[in-house]
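Two complexes follow with chain A in common, the first pairing it with chain B and the second with chain C.
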Partner chain A sequence: MERKIRVLVAKPGLDGHDRGAKVIARALRDAGMEVVYTGLRQTPEQIVAAALQEDVDVIAMSILSGAHNHLFPRVMDILRERNVQDILVIGGGVIPDDDIPALKAAGIAGVFTPGTPTSATIDFIKNNLKRSV
Partner chain B sequence: MSDALSLADRARTGDVRARARLITLIERDDPERLGALSALRASARGSAHVVGITGPPGAGKSTLTDKIVSELRSRGRTVAVVAIDPSSPFTGGALLGDRIRMNRHATDEGVFIRSLATRGHLGGLSRATGETVRLLDALGYDDVIIETVGVGQSEVDIVRLADTVVLVSVPGLGDDIQAIKAGVMEIGDVFCVNKADRDGAERVVREIRSMLETAVMNGAATRFSELFAALADRKQAAREPENADARAHFSQGAAHHIAADGHGSLELPPVVATVAETGQGVRELVDHIKAHEAGLEATGLLAKQRRANLAWELGTEAAGRLVGLLEHEERREEVAALADAVLARCMDFHDAVAGVERSLAEAIRSKGS
Partner chain C sequence: MSDMDAIQKGADAYDAGVKKSLAKFAERKERFVTGSKSPVERLYTPLNNAGQDYVRDIGFPGDYPYTRGVQNTMYRGRLWTMRQYAGFSTAEESNKRYKFLLEQGTTGLSVAFDLPTQIGYDSDHALSQGEVGKVGVAIDSLADMEILFNGIPLDKVSTSMTINAPASVLLAMYIAVAEKQGVKPDQLNGTIQNDILKEYVARGTYIFPPEPSMRLITDIFAYCSKEVPNWNTISISGYHIREAGATAAQEVAFTIADGVAYVDAAIKAGLDVDDFAPRLSFFFNAHNDLFEEVAKFRAARRVWAKIMKERFGAKSPKSWMLRFHTQTGGSTLTAQQPDNNIVRVAIQTLAAVLGGTQSLHTNSKDEALALPTEDSVRIALRTQQIVAYESGAAETVDPLAGSYYVESLTDRIQKEAEAYIARIDDMGGAVKAIERGYVQQEIQDAAYAYQMDIESGERVVVGMNKFQIKEAPPSGLLKVDPKVGEDQANKLRDLKAKRDNARVASSLEAVKLAATGGDNLMPPILDAVRAYATLGEICDVLRGVFGEYQQKVIL
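Presenting the complex of A and B:
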């Protein structure tokens, strides 16, 4: 049976900077994962809907607008409302260190700031999946 | 209730996760799915109209699909989309980007979109596509759209799964000899020239029409030639007064399909100019897609086409399993030994092939026992 890690790479919020998202999408692809990229300016509702239809193992969000404290937890809220517990959610972007503990408490399993090697994100995903792929 | 039946039940009652999970199990060729698919009666096609959108990379297939979904939704139809993108032959990874153009439909409960990677399968689709389409059909979506990978000249498997194939072209891809080549250009039921606001679009429309005219005049056997012949028969039969039954079956849609782009006295498939970005021409395109289905239905070709396609799928699936049998270690050694014999010039190539066949027959016998 052919098993693949499927990842949704999404950009919530209104900033139009998707270079980081594309770099990570490409890195995950090169690590043998199937990456569904949804493009810019996605609402938390759209991100969760896409993740469920695509049956992904991971949601990876990138944000540079500063709205992470609102949008990342909102995605977690919707997942909880829909009783989804087996999707690993991670986030990246320009995120101050002080914000990270609250994001983790909200359920964002890993937060990756600029300068993180893509291999660190790949290893994190492989080691923290919430369901067996 | 067993897991399989509960999965089927949840999928039937609209649980998106259960639906998505079943597709994952299909992709993995996981036997766990079989009970659920059987409970959902997903083995044979049902009432959905399956539309294939195919064309070269960058033709605008995803944007066009997005607009077609909107048009179908405005007509009150529910829509499932299966969008296929290539896997890397080296890493096995894939970047599935078709959703970028369509994700605004994600929160519409009448729309279900799923991206599939080809996972090494050739022909423009993934191995799981056929079964996924039958599942979505069984789940009651009115229309199922398959968006193929960007195709070159010979990825034509879409004709085996779609009732109606839309071939999307764009200006600027090459001279008119490209339209004469066999393969992809032969498989369209409805032709679309997208990015029609660009220079050269009219020329592409003309070239496609001229290619289609020539095909008709040469009596080439294409998807549409059979439909046109059947429609002509229907029309003839409908004219005979005693044949009121046939007249009743000759739907308006079918008549529209002939008349819409009839070029002179020749009957040609429609060639529609669109600008997917703005939605221009999309309503007309959907009219033609629906008219094509009506034509297939009125002539009985829909059932005939589906029968031939299911037979093809059965054969292909069985062939895939045979190849799988060859991958067992024992068999691999036998085949390698035959290869050695051919290399040493002790055996002819075709005798070695016969040896592989015998080995397969043995494998099938031992599998059965």
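Presenting the complex of A and C:
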């Protein structure tokens, strides 16, 4: 039997807007994935530690505060320092189009902005996993 | 035959006619619902409001139960305060934006602080990295606050500050800036949000656990009732509860349940209800369903008045009045075809005005994308001015009263809200209901249902899930200079080298003493602020005594 895709939904930084993160978490769960939600105010270090401890296939981060240019790449740096290459990392939130190329270059595989249906995120995860499930 | 019998007869004939029409043409949908998914009937008549008593339930503006408004002349006397929430980057940049807004005709200021400030961290704290100056202005000490209000006479403007967990510190800074301008505390007008309960459920900028947080709040009530008598000591907020996904009735219910908890706490702390209740204020959202939103504001006033009079035995009519600020609904804005947001905001503005708001912030069209530019803020402000001066909505009091539909919706929202409040009372009040995660779960369920309705197409959002176009990426968005963090850290270093550090240390010791004991915290915090102790230093002392809140994660 196929195992379930495991996802860490994470809120990096000080932003308290978690409606989007929680809706996504629930939609991924309804789509048959196993979801762990970190809660608010996670540092990049805490997010990576949680991802490793929970052995997830995907880290999905949400930021609405504008701190994405700092915090998303930090998570990628720490993953690289730990030599982790098989976790798919995606992000969402209020993220201007201009910022997206740099985030992708840093290793954020998909960036989802307001108005994206949850089905688009689900499909993206299924089609871009770095590990086989 | 009585009037009602005649109406019933007419209604029966109407229904028979409708049946014939439906046999030929079905209606557009099987079910019609409000923005919050409550059923909507085809037609409303006096029959829907048969149980209503005009004098008891609706009454007159300026009179209990205030369904029609808290002042007797409403906007014929004075228009609502046009108050645009603003702040970003440094105190210098934000000061410029405030002066621009005042030149453009805003009548009050509303300060947005960045997240480190809201959570009591200085700009040079490790957790502040990447966040400094992003969602608001960075304030580390009185020195920043002096720059923020430079050239703005604090006896002439009223200022609202969106600050919660460290509200005492920012209020103290405001008082201290006023002192330097020669303005006395009793000349100050404004509001601090100071509403920690909704931070636990919907907004996230908590620091301390509920018990010491409630004590900080009641200390402010007690202090201001004597020293800063015209200050609104709290803005009990449904805005963020709604943004997190709640329905209109939940917004009223959870906000008022929080209000009940604050009144309870203050009475337990030994205050007389009529000493502090007149300075309680509220903050609501305005979404797109015009009639439901108007009904929501009217119902909220009625529910609160009843609670204050009947449950808490308040004697002063000022204690019964629910005065509120409104902000248009950020979560209703789309990143797609952002110009459409101007229209949404116009409808929401009308809802707030027809609902009798005391002040209003209108969102800018680009806020689903970034912080607003000056141009888009100007359109948002002009929207209020058009409603105020051109629409006619401000020329008479509560113009939708007596609409069979609106009165019926007002009753329904009141009933739903009261049922929720009763459930929360049974759990032991809002603090307990939040600790259990009940409120959070209700909001999340509504948020998820809302999203699923959008994805199924049952809920149409123009430009997003219907009438889409191919569009070029938006241009000209506001960007905050990433150097702000560094600049603030440098300013802090200079400040710490320059100030009287012995005085800072002794003033912080006094804060600690008051926090550990029971004395009102405002006087020692004010002394610490005057000595240029930083926000982070003061909050660290309080963290040491009070501990930090651990979020209950609910999915």
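Please note the rule applied: the second predicted complex is superposed on the first by the 131 of 133 C-alpha atoms of A that agree within 3 Å, B and C clash if a C-alpha of one lies under 4 Å from a C-alpha of the other, contacts with A are read in each partner's own complex, and residues count from 1 in each chain.
Going forward, a residue touches a chain if its C-beta (ideal position, glycine included) is under 8 Å from a C-beta of that chain, and two chains touch if they have at least 3 such contacts.
Keep in mind it's a predicted model, so treat the numbers as computed, not measured.
Chemist: Touching A:50, do we find chain B (first), chain C (second), both, or neither?
Modeler: The answer is first: A:50 touches chain B but not chain C.
Chemist: By the touch definition at the top of the document, which applies to A:4: first (chain B), second (chain C), both, or neither?
Modeler: first
Chemist: If we overlay the two complexes on their shared chain A, which of chain B and chain C does A:33 touch? Say first, second, both or neither.
Modeler: The answer is first: A:33 touches chain B but not chain C.
Chemist: Classify the contacts of A:67 with the two partner chains as first (chain B alone), second (chain C alone), both, or neither.
Modeler: second
Chemist: Counting only touches as set out at the top, which of chain B and chain C does A:25 meet: first, second, both, neither?
Modeler: In the superposed model, A:25 contacts both chain B and chain C.
Chemist: Same chain A residues contacting chain B and chain C, which ones?
Modeler: Shared contact residues on chain A (touching chain B in one complex, chain C in the other): 25-26, 29, 35, 37-39, 43.
Chemist: Where on chain B is chain A touching in the complex?
Modeler: Interface residues on the chain B side: 16-17, 19-21, 23-24, 27-30, 87-88, 91-97, 99-101, 103-104, 106-107, 112-115, 117, 119.
Chemist: In their complex, what parts of chain A are in touch with chain B?
Modeler: Residues 1-4, 6, 25-26, 28-39, 42-43, 45-46, 49-50, 52-55, 84 of chain A touch chain B in their complex.
Chemist: Which positions of chain C touch chain A when the two form their complex?
Modeler: The contact residues of chain C facing chain A are 115-116, 118-119, 121, 127-131, 134-135, 199, 202-205, 243-245, 331, 334-336, 368-371, 444, 447-448, 451, 454-455, 464-465, 473-474, 477, 479-480, 482, 551, 553, 555.
Chemist: For chain A, which residues are in contact with chain C within the complex?
Modeler: Those in contact with chain C are residues 13-19, 22-23, 25-27, 29, 35, 37-41, 43, 65-67, 69-71, 94, 96-98, 113-115, 117-119.
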